[in-house]
Structure formats: C-alpha cells, structure tokens
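Each remark here refers to the structure printed beneath this line.
By written order: A, B, C, D, E, F, G and H. Residues from 1 in each chain.
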Amino acid sequence: MAYITFDTDKCKGCGVCADNCPQTLISMDEERMNALGYRPAVFADPEGRCKGCKICAEMCPDICIEVYK
Amino acid sequence: MYYDVMMAGFGGQGILMIGDLLALTAMNEGRHTTWMPAYGVEMRGGTANCTVVISDKRIGSPITARPHSAVIMSKPALQKFAPRVRPGGVLVANASFMKPEDAGRDDLQSVFIPAVDLATELGNERTASMIALGAYIEKTGVVTLEDAVAALDSTLPEKRKKLLPINVAALERGRDFVRNGK
Amino acid sequence: MALTLTKGNEAIAEGAIHAGCRFYFGYPITPQNDIPEYLAREMPKIGGTFIQAESEIASINMVLGAAAAGARVMTSSSGPGVSLMQEGISYLAGSELPALVVYISRIGPGLGGIAPTQGDYKQVTSGGGHGDYYTIVLAPASVQEMFSLTIKAFELADKYRNPALLLCDAILGQMKEPVEIGPRPDFKDISLPDKPWALNGNAGRKSNLIKSLYLGDGEMEVQNWMLFDKYNKMKQEDTYFETTDVDDAELLVVAFGSCSRMAQTGIDMAREQGMKVGMLRPISLFPFPEKAVAELSARIPKVLVVEMNTGQMYKDVKVNLDRAADIHLYARPGGGLPTPDDVLEEIKKIY
Amino acid sequence: MSENITPATGPKKIMGRPKCLNDVTFHFCPGCNHGNVHKMIGEAIDEYGIQDRTIGVAGVGCGVFLYNYVDVDVLEAPHGRACAEATGINRVHPDKIIFTYQGDGDLAAIGLAETVHTANRGENITVIFVNNTVYGMTGGQMAPTTLLGQKSTTSPYGREFMGDGYPIKMCEMLATLEGTAFVARVACDTPKNLMTAKKAIKKAFKMQIDQMGFSFVEILSTCPTNWGMTPQQAYKRVAAEMIPYFPLGIFKERTTADYM
Amino acid sequence: MALTLTKGNEAIAEGAIHAGCRFYFGYPITPQNDIPEYLAREMPKIGGTFIQAESEIASINMVLGAAAAGARVMTSSSGPGVSLMQEGISYLAGSELPALVVYISRIGPGLGGIAPTQGDYKQVTSGGGHGDYYTIVLAPASVQEMFSLTIKAFELADKYRNPALLLCDAILGQMKEPVEIGPRPDFKDISLPDKPWALNGNAGRKSNLIKSLYLGDGEMEVQNWMLFDKYNKMKQEDTYFETTDVDDAELLVVAFGSCSRMAQTGIDMAREQGMKVGMLRPISLFPFPEKAVAELSARIPKVLVVEMNTGQMYKDVKVNLDRAADIHLYARPGGGLPTPDDVLEEIKKIY
Amino acid sequence: MSENITPATGPKKIMGRPKCLNDVTFHFCPGCNHGNVHKMIGEAIDEYGIQDRTIGVAGVGCGVFLYNYVDVDVLEAPHGRACAEATGINRVHPDKIIFTYQGDGDLAAIGLAETVHTANRGENITVIFVNNTVYGMTGGQMAPTTLLGQKSTTSPYGREFMGDGYPIKMCEMLATLEGTAFVARVACDTPKNLMTAKKAIKKAFKMQIDQMGFSFVEILSTCPTNWGMTPQQAYKRVAAEMIPYFPLGIFKERTTADYM
Amino acid sequence: MYYDVMMAGFGGQGILMIGDLLALTAMNEGRHTTWMPAYGVEMRGGTANCTVVISDKRIGSPITARPHSAVIMSKPALQKFAPRVRPGGVLVANASFMKPEDAGRDDLQSVFIPAVDLATELGNERTASMIALGAYIEKTGVVTLEDAVAALDSTLPEKRKKLLPINVAALERGRDFVRNGK
Amino acid sequence: MAYITFDTDKCKGCGVCADNCPQTLISMDEERMNALGYRPAVFADPEGRCKGCKICAEMCPDICIEVYK
C-alpha cells in the first residue's frame, strides 16, 4: 500500500528516478511538457508493486518525490 | 531601413543559431548588423535569447528594450518578451507550445506557427526554430530566403553539409506556412 | 577585404594572434570566457601557449614572468579577477614590463552581476594598484576596434614598457558584428621590437635584472619621476579620441565604449530634430584626451557626459573643462542602459 | 529525524523535502547532483536540530545560490575564499555550526591556499566539496580535478599532464594535515553510494558539533550540461571514470578531540 | 589625562581596542608590523582574537566573514598587500559590511620601498577595486589622531555599513609622540551598534543573507544608486577637515597627513616673513571636503597643493576649485619629503 | 668543477668563491644560512656550466637581493608568486635553466597555491626553499613552518595549534603530487649535512637540465637575528628542534622522464 | 626653543633606546617632542638610527635632512651623517671607534668621547650609548640629567630595575666627560 | 703545507668557521673590529696543522675563506 507523488512543476525529466526504481514503475511523460520545458516523470503502479523503498526519492536531484506508505 | 528582432526560447532550441544566421545573411546582403546574445548567466535557467539588429546605417545599440519584432519559441519567453514588442510589430511564435491568447495583446502582426509539430513532420524536431526563422523572413522580408540558405550553406562545415537539405526544407516550410496560412 | 561576423571577445583573441602574442595565461570568468576558450583552441595550432592558471593572481604573475622573458603576452578577466590582479599590474608598471590585460567589465561592487557596465572606469584610469603609476587604457566601441585596438595596445605596451589595458563591457564582448580581419600573418612576418632588457640568459652580455625594489636614498623618487615623464610622453604622443559633428555643435556629448554607440544614435535623432549636437569619444582613457576636452569645451560651452556608471569619467571631463563651460551628466550604473531615447531626452533638457 | 510524519491514519509520508529546505525549484540542470548534495545537507541539519545555529558560506560556482534553498543564515563569499570567511565567522561564533559549500574550481584552484591553511589550522567547520571535474557556472572550463584526456572548453584537445598538470586529489592532500578531523570522498551515482554519502555528510556535521576540528566531504558529482552528456551518461561516467581515479572512502577520521 | 610617548602604529592598535575591536586578521608587511605585533600581544589578554592569516587575501576574507558575523573587525597592510585586498574590499562594499582596513603606505609601484609616501591616494579614494563604490578614507596627521580616527573610522564603518580605510604613511606609523590615551575601557562599557542583519543563526527570526550578487533585471542599478545615495549622505554628514589661518589668507595650502605637518611649518615660516598663508587639511579623503575647497578658493584665489606623490589629490582640489582661482602643485613622490624650507620656497614663488 | 685553480707552483687555491657569484658582501646577518645557500647555488651553476642560460626568480624575503650576488639574469617576483613567474619564463624559454629562491613565508603561506599548482603542472624548474621557521625580512613574525611553542613577534606566547595551526611540511605535501620530479630536505648545520645539501641542490639542477620536471630542495636554515640567538645557538637549534620535526632526506626522486 | 638630533650607529648599540629616553624626558618636561626611527629596512644592514625633535611649539616634520645636532656611535654612521649636521651644530661621537678627522669637518661643536672604553671601565660595554647621551645632554642642556634619570626609572620594568644604577652612572660619566674633558 | 685566507672585510664574526675547524686553528679577533662592526675571524697555525680539509670554507656563510694547498 505504498505510493509516490511528484512535484511535477519542479521535475526536470532527468529520469534518474526511473533509472533507479527497482520495480520500474516510473517513466517519462512523452505527451506533456511542464512549465520548465521538460517532460516530467510519471508513476504508474496498477498492480500495487511499489514497496515504498524510497530509492526514487533519495536519488531525485530535485526533491520532487514524496513517498507514502 | 532598420529592423530589430528579439528571439527567445528554451536553451537547446537553436535560438542563438537562427539569430546568427539572420545576421550573417544581412551582412552578406551588405547591411549593417549586430547579433547580441543573452550570455552565460552564471546560472542555469534553461532559457536562451538574442537580439539581431539590421540596418542601412551604422548601428548604435545592439540591444533594445522595445524590439520591433520577436521570434518566440517557449511560453515563458512569450510571457516575458511579448509585452515589450512595439505596437504593430511582428510576432512569430511557436504555436506548438502556446496559444495566441498567451501573448496577452492583439496589436501585433502575429504568426502562430506550430513549429515543433511541423518539424516533427519534417522528421527532425530540432528544426523547429529554423521553421520559425523561415516564417519570420517571409513575414518581414528583411532578407531573402535564398540568401539565408546561401549563408547557412557557407557556415556548415563539410562533414555537417548533409544537414543542409532538411534545414532548407524547414526554412521553406516556415515560409509556406506564412504564405498559405498552414 | 572580406567581412566576417565576429564576436567581440573573439576579435580580441584573434587580434592578439595577429599582434604576435603567443602566450596567454588566464582564469575563467564571465563575460570574457570566449577569449580563453578561443585561444585554448587556436594557440596550439600556431605554436603558442595557453595556460589556464589556478587563479587570476597566478595568471598575472605568469604574465609578468613571460613579459620579463621578452614575450608578447596577455591575460583577460573581469571585475573580481582584475581586482585580484592589481598587485601584479602595479609590479608590471614598477618593473616596466609590457603586457596586455583585457578587461571585460561586469557590474560591481562584489560579485555584482554580468550585465554591461562602465563602472570600472575609475579603477583602471587611476592605475588600480598601489603606488604612483598608470596603465595605458584603450576603450573600443565596436568589434572592429576590439580587433585593431588589441594590436595597438600591444604596440603601446612595448613602446612604453608599460602594461596596457583594453577596457570593454559585455555588450562589446558578446555581440557579433561584421568585421574586416585579414588573413592571419605568419609569426615571422610580424615585426616585434627588440627587447635587449629581457631575461634569456646572460650569454654574451651583462646579466639583466628586472625589479621594482629601490631602497637607495632618493632612488625611488627618481624612479617615480621617470614614470611620470613616461606618462607625459604618452599624453603627448598617444592620446586617442574621435569627434563627430563637432564643427557646428552647440552641445557636446562625451561618451566612450558601447555607451558611445547609444549616445551616437541619440545624437543622430537630435540632429534630425534640428539640434546641433556633436560627440567626443575618448578612445584612450589613459592618457585621457585632456586637451580635446579643454579645446572643444572652449568652443562648445555645453557638455553632456553619458556613462554607464554613477559618473566616473565625469570627473576627468570636468577637471579639464574650459572655465566657462557647463557640464551635465547622464549616468546609468548597474547594467542600466542609456538608450538613444534616453540620451535624446537628456539632450533636449539641456540644449 | 527529518521525515515529516503525516498524522492521518492512511499512508504516511515517509520521505519528502527536508524541513530546512525552502520549497522552491533548484536552478540546477537536469541530472545535476548539486540538488542531491543540498538535500543531504538539509537532512543533516534537520537530523541534529541545528537549523537555528547553522551558518552557511556559499562559494562562487553553480552552488552560489545555496541561500535560495537552505533556510539558514548564509554568507556569499568571493570565489575561492569560503574557508577564510568561515574562519572569520567561526572565530566570532565558535558555538555556531558553520559549513562552506564549494565547487572544485572554487576550492582547489583559486582557493587552494585558503582551503589548505584553514584545514591546517583545524578550524572547527565543515566543508562540502562538490567535485564535478569542471567549472560549471562559467560554462565548462577545465578544473583542477578535470581528468586526463577530458575535454573542456579550455582543454579542447583533452587535458594533458604537460601544461595542464594532473587532476588534484584534495582528500588525499588534506588527510596528511594534522588539522583535519574527518576527510571523506563519496558519490551519488547509485543508491548505495548515495546512502554512504548521506552518512558522511551527517558525520562531518557531527564532528563539528563535537568540536573535533575541520571536517571535509568531497562529493563526486555530475555536470551533464558541461560534460555534454545526458543524465544517464553522466551517472555512468561517475562510476566508469571518476571513481577509479578518485577512490571513495574515509581518508581520515579522528576519534577523540584530544588533539587540542 | 596623562601623556604617553606612543608609536603611531601602536596608537592605531590601541585605538582599535578602545573601539571594541576584538578581531584582527592580518599578514606581515613593512611598515605596519607594529600593529599585528601589538595586537598579537594584547588580544589574548582581553579575550580577543589575533590571527596571522596565510596572505592578505585570506586576511580580508576573514575580515569579511567576521564582519558578516557582526563583529568589529580590522586588518592592516601596505601597498602590495592592500592591492591584493581590492577584491575583498569591493565585496565588503557590495555586501554592505563594516570593517576597518589600516593602510600604512610604502612607496610603489611594485615592491618599491618602505619610505613614507602618499602615492596610494588615488587608489584609496577611487574605491580601489572593481565596481561603482567608495570606501570611507580618514587620514590622520598625528599620533593622537591615529588613535582617535581609528575609533572614528570604526564608528563610520558601522554607521554606513561600509568599509573604512585609515590612510597613513610610515612617518606617522613609526614615529612616537606624546598622546593622551585614556584607560582601556571594559568591553561591556563600549557602546556598539545593534546589527540585526548579522549572521549568527536564524533562531527566532528569518534567515539573514549577506551577498553582493544581484542577477534580477534592474536589481543592480537599484543597488548602485542606493550606494550612491549612501556616499552622498557621507558627504553631507561626515566630511572632515581642518583649516588654520585662513581668515586673512591670500594663499591657501592644501595638504594632508604627515605632509601637512611639514607644510604647516613652512606656512609658519612664511607668516613670520609676513606672508598671509592659510591651510586646508582634508581629514576625510573620501568624502573629500569638496565644499571647503570651493568656498575657500572663492575667497583665496591662489591655491598650492603639497603632496608626497606626483600630484594625486591635486585633481580632487582642482575639480572643486572656484572658477576664478589658480592652482599650483608641489609634489614629491617616492619617499622624497617636502621639507618646511621647500614649502616656503614654493609659497614664495607663487605668493 | 667550480674551483679556480691558481696556476702557480706553490699552494693552489682549492676552495673559494664560485665563479658566478659577484665579489660583494652579503647583506645577511652573521650566521645566517642564506649565504650558504647562495654559495651552493653558485657551485651548482658553475659545475654544470649553465651560468649564461640560467634565469633566477627572487622571492620577496631576505633572499630578494639574489641579483646582487648571483651573476645571472634575475627577475624579482611579487611576494609568494615566484613559481608563477618561473612558469611564465619557462613557457617562453623552455631551454633555459630557471630557479626560484624563496623563503617559508613566501612559498608556504602567501604563495602556497602557486607553489602547489606549479609543482602539479610539473614545470621544469628548480625551487630553492629556505625554511628558517620565521619571517626574516619583516622582523621575525610567525611563518607557516614556525614550530609549535616557538615564540615570534606574532606568536609572542608561542605558536599554538589552535589558532595558528601546525607547522607545514612542504616536502611531504609536494612529494604526493605527480608533477614533482625531485623533492629533498637538507640542512647546513654540520659539515656532513652541508655536503648532502650541496649534492641535493646540484641534483635538483641536474634534474631540470635533464627535463625531468619540477625539482624542489628545502634547506633548513638559521635566522639568528629573529630567533634571538647567537649563531652558535642557532646552529644547535637546527639539530635539536628543526630536524626532529622536519626530517632530512629525499622524499621523491624520479629516475626517468617517461612521465611525459 | 627647537632642537633636533640625529642618533646613529650599529644595530644593537642601543641607539633607538637613547633616542626614546631623550624624547620621553622632553615630554615629561612639558615639551613637544617626536621620535622617529629609521625602521625595518626590509634588509639586514646592521645599522640603526633615529631622529628626536624637541620644541616649545607644535612640531611639523619629525624627520630632518639637516639636523642641528648628532650623536654618532659608529664610523660608517659618522661618514654618512656628519656632513648633514648644520654648521655650528653639536656632534657627540664615539671616540672608541673613530677619530675627529673622520668627521671630515671642523665647524661643529664636537665632543669625541671614548664611550665604549668608558663603558668597559664602568663594567658594561652596552652602556656606551648611555654615556654618549649623558654627554649630549650636558653639552646641549636640552633636558636635565635628573629628568632623564627619572624617565629612565619610569620605563624600567620592575625586574629590570637593577639595571638603573649602572645606567645612571653611565649618564653621569658622559656628563662628567664633557664637564671635565675626560 | 695548507693554509686559509680571510676576506676580513666580509667577515661577520659569526664564528661558524672556528666552531667547525677540526684542528681549532680559527678564533675571533678580540682586538679589532672590521668596517661592518664585527670582530673578524683569524687563522693561527704556527704548527702547520692545517690539512686543507676545506670545512671552514664550506661552512662559512659569507664566503670569506679561501683554502690553499
């Protein structure tokens, strides 16, 4: 029952969270650009695989991720 | 004649490059010209802009607080610079990222061109600003498209010459958009 | 000759190469990084040396060493970096060594910002460092002049065995303009002066010594007067300025560097409106065109100084002004630009 | 601890923004580790509850805007001199927690003498040293830590020993000085390295709180922009090129304050 | 109060202690070493801090740190060392930090020599470093004033949140004279201004920030004008000078510092010979007594500037001179001393 | 060899003034080792016959008058910057022999960054470093090499680690840099040490002649004047206090030039 | 009244100290006075000198190119400074190291006193300059010997008070030499 | 048949030569002072014990000594 949220306005689309998510639940939004001109990260966990391991949040250079559990 | 144009967008969109190309073309046509970038801000903001002035006479300031025209490729840039364009001036804006309303004024000769979409159609997203330049040249007639192509050709080093056709296509696509409204 | 669209900073770098400068020592700082970056690329191609020093202090001292060794040598920097070089510049002057320091100003004091400014006028024209000395200071107003005055600055530095500064701002440094730059001459075709005083080993001659310490009774007084005479000679032989439209002028605008361009456009606008306005543009800030100010202000009794600072050159104009003339100042510090409209406005006020 | 525990009964927030960091967007480029380092500093300050007695000194480099992000008293130092400023502050307020934040150009080139002498004096301060092998803020010039062969705008043909010198290893040099209490090199390229980095930064602050003397943490960092790389490539380069030359680890750790 | 025979440099150091300065950071250089040596001895006794920094650059930056932390703090140096401090001084001005820099001049440029000189006048009165700023500059002419103006300089620095300089030469620094120095006050009895802007941890308040970087559009222009207003306020409220015998004078001598003493003796000799000569002694070199020059020269149309350099203050006098007045210069650079006889000679020439 | 052999048949001069030293009286105080160091430099120059291609750089300190004594081209550098000047000269005249002459204040305090970076660049120059644990020229202030407890005019109660820092060991620090070719510490207090010192100085010049890179000789020296000692006491102090803290020896000696 | 005196000799002879004592005595007597050393020459030359000015009026220059009097303790100092003394001025010179001829002029009121020899007789060679000062005071009367003794007493820290008698004896020996010519 | 000579004008009376002469053939002149104000070193070798070992000359900081053999 864990999940993460993004502060999408701050996201720079660097993909570091996605690269490090052990469950590969994060991807880059190919559709949308945020106000900074970046394609932000999005979280998709239809199967509820997120363990709240916090790795994405630890690794995000821009402190965009909050982790809930 | 005297023209000045402010060009602005995100970093990486090729803003400085199209400004440079415009100035070079003007020089080759025998005009006075200056190109002035907003330079190394000692900070990373992800924005880029430059000002090009073209004139028959010796040019004073290469910077202008109130440009006669603008080529705008990003929404933040539109919000920042659209208000500065002189009434009745020319605005070429990237409709892929913004709507005419975003300019906040309707006293300009505006061209909203979906440059990114058109570029993607051409097969290279990075030619969006070249498309915008084509549109600007067509709209203002400040230089000829032929001279712009020649200038571009002269600056491409041998091993990047293969990029010429797509960029020429982009310039023309911009021109055609203005001519045909699509 | 063919025109190329060239960036001001790069015109300086290319000018240095044309002048036969083969040694560059510097440290990065905005807004002059194009100069070291250009030379890092080009110097190796022509057998020259580019060193990024560990600091501006190291830079200016490497310059001092290379100058003592007889080379044409340069560095470039901006505000904080040039402040750090003041001890070294004073030593260059005291040791009578020629070298070029390119100064692309940024706003100050402190870290300030990187916008264009002329706020370093008083620093450079007062010598800068400690002691009774001055440096030659040239102030280009176009990319073409950035090229040609770089060469001139090297020549004057050698002529007087004195450091020379090229003072520009970020407008000039960053802008591109069409310029005429001839083909790069071969090093052997560049005529460089003999430097019998240079350090290169005492084979076949007495040892050379380059120093600035004089402890003997009265020695330094002699030394200071000798330098003073040199500065007077500069005043007589190498004061540079440009005048436009002064013959019938009833108002004289004085401005230098990029600021003079905006002022010129303002003047053009005033002329269109029927006002007889002329311009004096100091090209050498030291030696300052003292006589030109005195003579022109005797004829044109209204003078307007336009500067991109809080009014620094103003003092040099005022001190040389004809007793009967009136002086006004339009000053824009901190990156504020005196636009042609602003200048026109000022002209109207006092015309 | 720094986590803000939400009081609700549902899922609780177990990780977010450190309390002492302002809720604003970093100006750093995508994939730049400066953000990670800021976050780790914020976590350390939260952890020890020292926000109201911490004073930061920002060196000039991409990290100069420290004050926009970390909500503590901050002084902006001239390029390279942060350690001298920190010394001045430390002598006036020996009871405060003082840290500098410096890049490799700042600390190891122009500021080398100040860095070494401050370490040698054993000033009770913490130095956070962001080593990205390049001058970021000014546009990618060669730094003292630029690797041999690495291209930069002022080493366009790749850094060469003759002329440019060897990349300098600051940890190794500083560890030889009596004055240093804690000297460590860390990285943020993998979750594991990042956890070690967090610990090292906390440890450095703890050392200062315990009056042990000069503590120093070098963080191997990415600069995708000036390396001309994507964030992914940049993270890989840290492991592939930087760590082999700049080995990670603790180079010195004083266990008692009896050196006084 | 009892007199003591005290060395000028030591009077400065003791003045700093009386002013409540408890932090000194400096680097040795002749002719000011008595100051650090005195404070190295005394500071530990009164709970103060003395640090010999690794260089003048480290010194001025430690000063910057301590000033930001809210302390009264000083450094001292001479020519080459002060040149190295120019970046730091510009940062102090840009960050609006109060601190005292004591400048005991030596002859320059370069390593020069250690004889007395006023050759650093233009450096200090033009701000020194990069950017549009000035420092307060006080110039004592006796050991007593070295004590009292040190205290004054600290007060002005705090009043304006601006660096202050005390400019002296080696004559004043090395000589002993009888002075009145009261008993050393307890630190708690010294009234020091509140510094709510100082960095000491943000407990109970918003975080404080001390910086000089302003990148926002127009921010630096505001900043520069703000500083400009501050300098104007200094001109109005804190310009200091001394006049002697000006009421009936037909010739006005302008001189400062140690030079003014020799000039004064020369004037006394002239008066004995029936010549009506008066003296204006600027005490604050920045702000310069502009109005005093203008007003006195309007009444006394012959002005003689006497300086121990090639003529630096001359420009400040000239620029403020009444239009009808004539100005003359007697200049002795490089350690040459204008003796009373020399001054008398000059007076005779132009009287 | 440097000795001037007198042609007569009687006793021959077997030791005197090196050829390249001017016949003038040193301005140094009685018992000051600066004179010995000058002589050893002169002997090395004579030995290799390099007088006419040697360029000296005088640091500011008691040794600044180098040019009065050693008859070669000389540049007087600003205090602390001799290595930067030497770099400039070396780049213009890579074929000349360039040496700096510097005191401990000059080289290790104000000039530390220039010294370290020049060594790191492996400039092909020779640095003669006269360590007398005090600022001589300016009247006996504390130097970076002043020993703990040693009194000086700016450490009147004796140097303390807290506040003043530890005496810095330059040889040890420089030997860790890749750029250095030869690093040695010697003394002149006994005939034996002096002979070793002579050898080290010659070796340093030889290294440069062979294009091996940066060579560095630290000479532990007396300053009777500012130590407040007689020459006899001063010589004893070198052995009793200095050598134990600053051990003599060769810290690095490169044997091939293949580092290039 | 106005007096100035140049004092010079080898370093270590106590030149600066006797100058200081003279100035202090004058101050205590209510005069204006200045003491100015030739300071830290940034070189080691083994020489020392200072100038003392004493006057009833505010003093201008504490340095003088042409002193009214001189106290000279070494031969190099004599050669350097004797020519500068104003004609008719007072010269007290250390006859232990030099002869009257060495001064190269005979228009001065000279006292050649074998200060080192007399000091050795007193049992402490280092009091030579104190003897010279005694002679100078006696010769010029610029201050009284009593005040000089009092001033000396006031400056000696407690643990060095034991040096007072020998120094007083030295001052008196100098006075007596002038009075008695031996 | 070895001996040494002094350049007495340059001698500063430091005594280093005397301290290091293995034969103790050097002493300081108690009578005379040179122009610099120092008591110079003097050589006395009535028994011809000087071996020309050069130690005095090597050690003299002021290069006052020449050695003959």
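Definition applied: a residue touches a chain if its C-beta (ideal position, glycine included) is under 8 Å from a C-beta of that chain, and two chains touch if they have at least 3 such contacts.
As the structure is a computational prediction, the values presented were derived from the model and not from experiment.
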Among the other chains, which touch chain A and chain F together?
-> D
Compared with chain C, which chain's mean CA position is the farthest off?
-> H
Using mean CA coordinates as chain centres, what's the chain A-chain G distance in Å?
-> 87
Which whole number of Å gives the spacing of the CA centres of chain F and chain H?
-> 25
Chain A to chain H: how many Å between their CA centres?
-> 85
Cα centre of chain A to Cα centre of chain B, whole Å, reads 35
Scan chain C for residues touching two or more other chains and write them down.
-> 30, 33, 49, 51, 54-55, 57, 80, 87, 91, 95, 110-111, 114, 211-213, 215
Flagged in chain G as touching 2+ other chains are 40-43, 46
If you look at chain A, which of its residues touch at least two other chains?
-> 36
Flag every residue of chain H that touches chain G in the complex, lowest number first.
-> 33, 35-37
Residue ranges of chain B in contact with chain C within the complex = 20, 23-24, 27, 32-37, 39-42, 58-65
Considering the complex alone, what residue numbers of chain D touch chain F?
-> 109-113, 116-117, 120-122, 144, 161-166, 168, 172-173, 176-179, 259-260
Chain E-facing residues of chain F, complex | 60, 64, 76, 78-80, 105, 109-110, 112, 135, 137-139, 141-142, 144, 153-157, 163-164
Over in the complex, which chain B residues touch chain A? Could you list them?
-> 10, 46, 74-76, 97
